[in-house]
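Encoded as C-alpha cells, the structure appears first; notes follow it.
Read from first to last, the chains carry the letters A, B, C and D; within each, the first residue is number 1.
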Amino acid sequence: MIRTLIWHEHRHEKSNKLVASLYPKGMDGALADALKQDKDFQVSQARLDDDAEHGLSQKRLDETDVLLWWGHVAHGEVKDEIVERVAKRVYEGMGLIVLHSGHFSKIFKRLMGTPCALKWREAGENERVWILNRNHPIAEGLPEQIFIEHEEMYGEPFSIPEPDETVMISWFEGGEVFRSGVTYTRGAGKVFYFRPGHEAYPTYYNKEVLQVIRNATRWAYNPGPAWKGIHDAPNVPHDKAPVPLEVKGPRLHADGEEGFR
Amino acid sequence: MIRTLIWHEHRHEKSNKLVASLYPKGMDGALADALKQDKDFQVSQARLDDDAEHGLSQKRLDETDVLLWWGHVAHGEVKDEIVERVAKRVYEGMGLIVLHSGHFSKIFKRLMGTPCALKWREAGENERVWILNRNHPIAEGLPEQIFIEHEEMYGEPFSIPEPDETVMISWFEGGEVFRSGVTYTRGAGKVFYFRPGHEAYPTYYNKEVLQVIRNATRWAYNPGPAWKGIHDAPNVPHDKAPVPLEVKGPRLHADGEEGFR
Amino acid sequence: MIRTLIWHEHRHEKSNKLVASLYPKGMDGALADALKQDKDFQVSQARLDDDAEHGLSQKRLDETDVLLWWGHVAHGEVKDEIVERVAKRVYEGMGLIVLHSGHFSKIFKRLMGTPCALKWREAGENERVWILNRNHPIAEGLPEQIFIEHEEMYGEPFSIPEPDETVMISWFEGGEVFRSGVTYTRGAGKVFYFRPGHEAYPTYYNKEVLQVIRNATRWAYNPGPAWKGIHDAPNVPHDKAPVPLEVKGPRLHADGEEGFR
Amino acid sequence: MIRTLIWHEHRHEKSNKLVASLYPKGMDGALADALKQDKDFQVSQARLDDDAEHGLSQKRLDETDVLLWWGHVAHGEVKDEIVERVAKRVYEGMGLIVLHSGHFSKIFKRLMGTPCALKWREAGENERVWILNRNHPIAEGLPEQIFIEHEEMYGEPFSIPEPDETVMISWFEGGEVFRSGVTYTRGAGKVFYFRPGHEAYPTYYNKEVLQVIRNATRWAYNPGPAWKGIHDAPNVPHDKAPVPLEVKGPRLHADGEEGFR
C-alpha cells in the first residue's frame, strides 16, 4: 500500500460560491475520489485549518509515503516549522506532488531554492498539455496531449531550477507556453510539479488530469526505509577511515566531535 | 570590470593562533590577493562583524557582480533577512562562489533546497581534485588533478541536488570521494561550490586552488542587467494577451490584480 | 515478468585459461545465475558468435524488456546494423545495462554520442564504489560503499555526456576516481552504465555487485508498450492541426507528404 | 577572433525559385551577413558540393572555433567519414550550432544518440519563441518572446536527450509547442540547437532570430586548446599511478599496452 496524504488549503470552498458549488466535497475531495480508484493507494486528507499543525504532525508525515499539496490564498499562513518538517520528510524519501497555485507555496519554494514566479491570466482559455515522453511513468495511459477547455494561463518564464525532466509543456490559446510537468529529486524524495487545477474550473474532474496525478503519486513513491541520517554530518575518525590513517599536520577539531552548522 | 566581493566570517583568525598565523590578513586576505592578479577584477571584502548587515547592504550587493562566501562556526549568526537579500541578488544575476565549509551556510542551503550534509575528517590527509572536463571555463589552465598535501576530508553522500555539471571529484587518502566542484543556475545567477579550504591548512596559498577560484569568479559573472522582475508574478489581461482573447467561463480574479502569494 | 537478455562477447573464456577457470559457465553464466534469484525476471542469454546476428534478431529484441551488455576485445566485430537495431529498441523503451569494458562498445558510444574514453590500469587494486543516494532504486539494499578487493582501475576523465544522475563514484587505491554508476534516458529507454567487472577477477561473484545489477535491471524496465512511432516525423496537415488553420504564405511541401531525412 | 564556419547544404536555392529569390546569396549568405556584424567573428562558408569533403577538410575544421549547420534534403549525401570528423572536432572543443531542419542531420543525430524526430507542418503559421532565462548568454538583448509571422511548425515530442538547458520554447498558432533552443555539452564542445529557419520564409532576415544565432556562436566558443587526447584511453602503469602500487592478483594486460576498442 502506498500511503497518500492530500493536503489542501480549503479556503476558496468556504468563501466563494462558485468554487463551493464546483467542488462540494472540496477540491481535495475530488482528488481523493480519483486516488481511491487505485487499489494500491491508502488515501487520507489534511487541511490548513485542521489543527495547529495544519494536520501535518510529525507522526502523520512519518506515516505518509506521498504528499499532494494544493494551496493558494493562504500560503503565508502555513507555519515555517511545518514547512521545515515537510521538507525533512521529503529529504528522507517522502514523495511530493505540488499542484497548480502550489508553485508559490512555501514548501515548493523551499525545495526549489528559487522564486518559482510566472505570468498568469484568468480567461477560461484552452490549454493543451503536451506529453514529451509518452513512456514516462507519469504519462502512462495518456494521449499525446491533454486538452482542457477552460483553464487559467500560467506563462514562462517560470523561475524554477532546470528540471531533472521536463515531462509536459502547455500551450495556451492566448499565446503563452509553460513547463507544466517537471520532476526533481531532493535528498531521497521525488518531487513533481503539475500545473492544471484552477479552483474556478472543473479541472479536477478531467479524467486525464486525474490520471496524471495518480501516475505521479505512484512514480513519487520510494519504497526504501526513511533516510533518517540525511541531515547529519558525521565525523569519520582517522582510525575508522576506510583506509586507516595517521593524523598529519595541525588540527582544529577533536575526534568524533560535532561539526559546526 | 567584474565587481567581486569576498565575504568572510573571520572568526577563526581571532580565536585560533594556528589560523591567525597561517592567514595573518585573514583567509579572505589571501583570497583577495589571488583575485587581484586578474586585472579585470575589482576586489572588495566584507566580514560578518563589519556592521549590522554583515557588510552586505542592499546597495553593496547591487554593486556586486560575483560574491564569494566562506563561513564555518558562525553560520547561525548570519541574519535570515540578509540571506534572503543575497538570494534575491543571485536570482537577479549575481554570481556566487561558495567555499568549503560554506556548504552548511544558510545561503547555500537556501539556494539548493536540500540539507547539503556530508561526512568529514580532519586528519591532514592527501586530497586529489580530479578535473572531469579540462576545457570547462572553471578548469582553464589547470592540470588533470590538483594535489593538496594536507586537507580536511569531505565524503559522499553530499546531499545536494543533482548538479548542472559535476566539474571536479576529489579522492581522499582515507578512502572517500566527494563532488568537489559543482555548478548550478538559480534564476539568472550562476552558483559554484568548491570544496577545498580548511582553515587549519595553507590551502588558499595553493596556486591551482586559487586558479580555480579566479576561473569560477569569471565564469559566474553575468554581464546582463539585473533581472529585477524575476520575483514578480505579473497578470497578463485577456485583452493584452499575445493573442487577444475574450474571457470564457467563470472568474475569481479582476483584471490586472495582484496574485496571491 | 521482466524479460531480460544477457548479451556477452564470450571470447576471453575461450582464449584465456584464467578467465575460463574463474567463469566456467562464462561471465554471462555468473550474471544469469544472479538474475535468476529474482523471481520476476525471465532470464536468457545471447553471445557474439551465436549466429550471424550475434543472437540479436529483431524478434528476440522485440521480446526483450532489458538487455545487459558485456564486451571487450571484439567490439569491432559487432555489426553496425545490429547496433542500430539495438539502439532502435532502446528508443522504443527497452532498458539497457552496459557493464565495465562495454563503455567502448558500439552501442554505448552510439547512444551517448561521445568518445566514452577513460584511463585504465590492471593492478588488482582496491576499489570502493560509493553510493551517492542510498534510496535510489539502483542502490536498494546496499551499504554506503561496495568494497572490491581486486579490480581494474578506470579513471576520469570519462568522456560521457553529463549523466541524468550520478548514482555511484569509485575510489581507487592508486589515486584515481570514476563515475561508476550513471543513468541516461534515450527516447523511451533507460540506460545504466556500471563500471565493475574486469574479466580477470571474480567481481561477478560479489554479492553487492550482483545486487546492483539486479536492481538496475528492475529500474530499467519500462512496462509501457513499445514506442514504435518514435522514429517517425509525421506531417500534421493544416486542416488536422489541433487548432485548424488556413495556409498562409508560400509552401515547399504538399499535404501529408514525407519529410526529408 | 572567433573563427566561424557556416556550413550549408545549398540545394533548395538551386532547385526552387521561391528559395532562390528569397535568399539570392543563399541562406548561408544571409547568415554570413548577420555574423559579420560582430567584429570579433571571422566568418567563412562551406557548402555540401564544394569538394569531395563538403568543404570540411581536417585542416579547415582544425581552424574553426564554431561551426553552424543547415541541411535538409541532402542529409543522406553527407559522407559518414566527414560526420565523424566533425564529431571529433566537437569533442575536442569546437562549438556547433545546428539550425532548423538540421535536427535530422547525421551530425546532430550522431552527437545526440537519439532519433531527433518531431512533428511538422508547413502552413505559414505564427511562431512565438519564448525565452525562459532572459539572462542566458544566448538570450542577450532579446525581448521575452520572438514573434515570427510565418514559420513551419515543429511539434513535440522531439526525441532528443534531456537538454543541459532548455533556453527557449515555441508556441505555434496551430496548437503545438516545441523546445526551440536547447544546449548540450559533448566532450569539450558546446552544442546549441535552434529551431527557426524554414527555407520558404524570410526567417534569416529576422533581426531577433539573427541575434540568437550571433549570441549562440559566441556562447559556443571555447577558447581553450583543442583537447586532442579526448579520444584516447591511456594506460596508467602501476608504478606511475598517482599513488604507486604493487600489482596484486592476476593480469591480462602488459604494462603500457593499448586497450581494446
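We take it that a contact is a pair of C-beta atoms (placed from the backbone, for glycine too) under 8 Å apart; a residue touches a chain by one contact, two chains touch by 3 or more.
Since this is a predicted model, take the numbers as computed values, not measurements.
K.L.:
Most remote chain relative to chain C, going by C-alpha centroids?
P.N.:
B
K.L.:
Go ahead and align chain B to its copy chain C using Cα positions, then give the rotation in degrees, nearest 5.
P.N.:
Rounded to the nearest 5 degrees, it is 180.
K.L.:
Higher C-beta contact count, B-D or C-D?
P.N.:
C-D
K.L.:
How many angstrom lie between the centres of chain B and chain C, each centre taken as the mean Cα position?
P.N.:
Computed value for the inter-centroid distance: 36 Å.
K.L.:
When the centre of a chain is set as the mean of its C-alpha atoms, what distance in Å lies between chain B and chain D?
P.N.:
31
K.L.:
Using mean C-alpha positions as chain centres, tell me how far chain C is from chain D in Å, no decimals.
P.N.:
Once rounded, the distance between the two centres reads 27 Å.
K.L.:
Which chain A residues sit where two or more other chains touch them?
P.N.:
In chain A, residues 128, 133-134, 155, 157, 162, 164-165, 171, 175-176, 185, 187, 242 touch at least two other chains, as defined above.
K.L.:
For a test of understanding, state which residues of chain C touch chain B in their complex under the given definition.
P.N.:
Against chain B, chain C makes touches at 128, 130-134, 144, 155-158, 162, 164-166, 169-172, 175-177, 179.
K.L.:
Using the touch rule from the top, collect the residues of chain D that touch chain B in their complex.
P.N.:
Residues in contact with chain B: 93, 128, 133-135, 140, 145, 147, 164-165, 171, 185, 187-188, 222-224, 227, 242.
K.L.:
Of all residues in chain C, which touch chain D in the complex?
P.N.:
12, 16, 18-19, 72-73, 75-76, 87, 91, 101, 104, 110-115, 117-125, 149-150, 153, 155, 157, 159, 161-162, 164, 173-176, 184-187, 199-201, 230-238, 241-253, 259-261
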